[in-house]
């Protein structure tokens, strides 16, 4: 290694890989992955989230899973936590997931059409 | 590095590895593939988490779920429930001994609450075989800062001001040692790391090497820069295969990344290191013996001066620190001398890792700030004594440490307090003894070790430990006299005063400290022919309590040496003490609890 | 130069000297079993411990540097207690066979036990027992008697530099042996006997051809008659017979000898030594008187000189003989016979 | 030796050549090892992988008889690398330019070809020797026992001179002398050309001084050397030979020739034992051993040390000096010494180097000559400041192949030497049982590949043949020697010296070329 900058570059890259173990703040994407969710197609949704976040090298984003939220009919459901705010998306497809990453996570614009509010209307 | 949604950290320390953590990892990998989770869940083999009592340990992030005592058969449950469905498997979570509460997250576990992890900070957190993970947790940044921004003198100044003292036992101020080595004249200098952890039961050095080997590589390079050395040796005992393997991987990775070798960070500084394997002699932890062993000679201490800082490996100035000492260095550089000095007591700064064992609930490795009291360590972190037994003493400092009785439990732990109590810090062994331990037997146990491990060079240690051991044997066998006790004490003092190296000078500590605090137990053995704790078999008697005896004769039937006589249904049974071999079969057999040990 | 105080006396000595050296310089004798000026201080026996005011514990005088202002007591009560205790420990693991031990009379352990009134050991535990290694032709090793002062090992590795012997095993089982305990004959030992000379007890002893006690012998210091190194040695003489040879510290040998000087002295008293002059008569050498022998030689010299001149007589002097004898032979040849035909085997 | 033995510990580099020191001078060998272990660099040159080679930083396994080429190439490297000591050369030597010129042809490749040593090793050895602060050369018969032995020594002294490694502590050109008092014998003029203290018999002043002291007229004709004597006997020029304490039947080259000569001459032998030589004598005189007399020996570092009487001589045996004195009296020359000390007093009157030495002064420790006055402490380093002759003459010397080499019938080179346990002709060591058990018999060291070629296995009896004869001995198969070299210790009778050449002598000092003998080796029938 010939410079500090090189080390810094490695560090930045590497931190992404381990932030799960240290991150307390940031964005949490919680995918409902109980039997109901999986049956409704939660797996490809989650994979889409993982791939997209990876591709965009987003920092401070944690993807996690959870059990049954209780509204099985709305699965696949995903909750995005950011600070105090919680947005619940429902009936997602992989396509939606990529959109949520692009709009919500990157640009801070909630993908209104996928939220539980929009669906319930 | 790919992004995963979940990390499963499995302890790959020696303790957990011996309880099949390797197979657990394999099983996880198989099941992840089976369930198609291998792209989203990552299995990480880490170093020791410290709470070995609870091993094998598995922690699942991002939740931090702390699973303990995991068996291979538990793996499918964790995969199917937690990883697939997001349901934490409560049954497998660690339960606190004191509260019996189930702990969801590792952060909530009482064992960790009072700890402050500096030396062990990455153990159980990173994959020790990945330099990227180490770098992610600020690895090699200290080395970078040192090489690009600091002069060797500034580095030494920081280490001095931090107040760090040698963690191998001596407690010599580390910065001063660095300064001596820097000032010593020599065409070549060496940095050496003492990883010859010889105290039975102590494994903090092993844990660091297994869990965070890059920290040692980084620290040694920093030390090399500070003292003017370009070559480092790590002396590891061959009994630590995992540590050796991971350290070698770390060295290789550091070389590949240009963090060892020539012109590091483009600064012109060169540093290389290699591992030297030791054969596991206790005495090789003594610095001059260790140096002799690195040189390929018999591991035997030599007289000092000259100190290694002046004449060390191959007669060249050598800086020798132990693993835990080095593990603190990168943190001190990154966070500053003041930060480190703010932890601990006036004369003992920072944290210290202890290997807690014996009659204690949370057997394992703990890192606590200096100045934590013995009581806090034993009760708050260690979870207290199991089975409601009474605390008797804590033995610190390894086999040549001393036993500290209950009245000193509130002593803050630091180098000087422990010495004042007739014990020592040593490398951080901490063995808790309860009412069932006989202190004479404990002293004999440690003498058994030091006698065997004496290098044989100087008379007091070689001959004296043998005779102390023999005198203790005599006392334990009920054949001792008060003359023997007196002789034992004089002999112990001679050995302490006249031996060549630290091993001999401290070998009598178990005897001297037990004589100081538990003399009544010696007297009981000699004068009353009794072992108060009921440990010393020669002094035990099995007696039939006549009032309770139902004259059934079962005891006589069970006795393997036919030393119980009586007439079934008519006469109370009687044990012939001369013939009795104290096997206890009669007591176990008696349905009426009419046989007592005393 | 530094100044220290030993037993109430001021001592000035070169910096870097040990307490032991400082004491020796004013004639204060500190007992030791393992010290040898030729060796790096190793501080094994601990008999030389002394009290230094202000020090945490007793220090080994052989390996502790003297420092300015140091106040040392070499025979204080605590020192004597420690020495007695150490001797007690040594004796506990040493056979009490002084009556028949060949080292008796020159055994440092014996002398020190006498000096410090140790009649017998107060410990009655295990004693070591080893087979004697008699495989070397010239000396034997009896580890049962060894007190592990280490001098033999260090003399072999630092003075003789042969590394034939080493410490084997640990703790109470420690003993001096050869690699893998194969015995001296199979080691790299060159039979110099320099370890034997260093042994303070009877653990390493020359194999004796006849019995003697050290108090029966006379010692004569001389120069070795083998190669040109000029090693200094002492001939041990009993009843007009050389019974042993020991090295002495000299300029060229630093207290060493080799196998020849040390052990090959049998020729001195060998039965085949010439005892009378002989003259060849009728083709056979017959013993004659000195007078007759001189006559034969003198007559021959006169005869040859008359017939062929002095240069027909040649003398070979000897690189083995005394300087004085070489001189006299050249004088015989040059002044008396009258020729420069004198040479010796310098070239061979 | 130009420098004392203790100087070995003060050298930064040691160049040991032609000396199997640990076996021939074991106590010096130990001290060389000690110096090496304490950090001195050690260069060893020898045809055999002697024990010292194991300790060496650089070992040059040189073909026998090629030392001059090695030394010249080393000097050439030193000069090319600019490592010579110009100041010393300027102030203390002569003939430097001629030397430099003569060295030019000794390129590393050329020297490697002659010596069989790889070029880079020669270069490293040269640099190691020349870069040391103080470098000492120690040599022995491996350098001198050649028909060009004197020139080989000159090349060594050239090496020392151009690097200024002379006259200082820890340096020097140091011959290790093989016998206890070979130095004393030389000092006393037991040589055909000089009186005591190397005063030439051809020098009128010296001769007159001795004539006056001894009260007789003295011959100015240089006498015969040992090797010349045998030839002279052959030619009837010598009729009587008086041998004191020597055993030429074993130690001298070409035993068969020596035997014929000794048989022919009227022989007087004075010795401790009936040696192989004494058996041929007409008169045998029993002498006292060193343990039976008082006197002095002078060791290899010129130290005059005391010998003391410990026991009485057996039977009628007498110290040699008493025998000489009585014989002198018998011949009509009055000589009455009561002790060796009285003789020594006469010696020091006649010998400037000894003038300051008395028995009283050497009571406890010996003194190194030159010691000209009673208050002189003796001299540890010769040529201090300046070489004794004013300026060291750098005589160019050339490598010359021995005449023994190069004949197809005798394709191998036999080199002789000593072993640790035996001494010289075994008259003394051969009397010790233990010694004979360890070193019982003659043997020849031969290389494994040579052994294989000849179908010889270890321990088998082989016949070694030279132009002078054949000897059978046991084969010791070892890679200590290279394939073209055979080593035979010379201690045994009817042994190595049956094969060696006694005719070709060094032109300066008449030393025979014992280290190079052309031989062939075959399995014995």
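For this structure, a couple of remarks:
Letters A, B, C and D mark the chains as written, and numbering starts fresh at 1 in each.
In this text, contacts are C-beta pairs under 8 Å (C-beta built on N, C-alpha and C of every residue); 3 or more make two chains touch, one makes a residue touch a chain.
Note that the coordinates shown come from a computational prediction; the quantities given were computed from them, not determined experimentally.
Geometrically, the chain at the heart of the complex, using CA-atom means, is C. Comparing chain pairs B-C and C-D, the larger number of C-beta contacts belongs to C-D. Centre-to-centre spacing of chain B and chain C amounts to 50 Å, using the average Cα coordinate of each chain.
Put simply, the C-alpha centre of chain C and that of chain D have 27 angstrom between them. Chain centres here are Cα averages; for chain A and chain B they lie 43 Å apart.
Taking each chain's centre as the mean of its C-alpha atoms, chain B lies 65 Å from chain D.
Not a single residue position of chain D touches two or more of the other chains. Because contacts link the chains only in sequence, without closing, their graph is best described as a line. The list of touching chain pairs reads A-B, B-C, C-D. By the touch rule above, chain B contacts chain C in their complex via residues 281, 283, 298, 300, 302-303, 305, 451-460, 462-467, 470, 487, 490-491, 494, 496-500, 505.
By the touch criterion given at the top, residues 40-47, 49, 57-58, 60, 63-65, 78, 81-82, 85-86, 89-90, 92-93, 122-123, 125-126, 147-148, 150, 166-167, 169-174 of chain C touch chain B in their complex.
Within the complex, the chain A residues that touch chain B are 1-4, 7, 10-11, 13-18, 20-23, 28, 31-35, 38, 43, 46-47, 49-50, 53-54, 62-67.
Of all residues in chain C, only 137-138, 158-162, 190-192, 207, 218, 220-232, 235, 237, 240-242, 250-254, 256-260, 263-270, 272-280, 285, 290, 293-298, 300-302, 304, 307-308, 310-348 touch chain D in the complex they form. For chain B in complex with chain A, the residues that touch the partner chain are 1-7, 9, 36, 39-40, 61-63, 83-87, 125-126, 132-133, 135-141, 144, 148, 257-259, 263-266.
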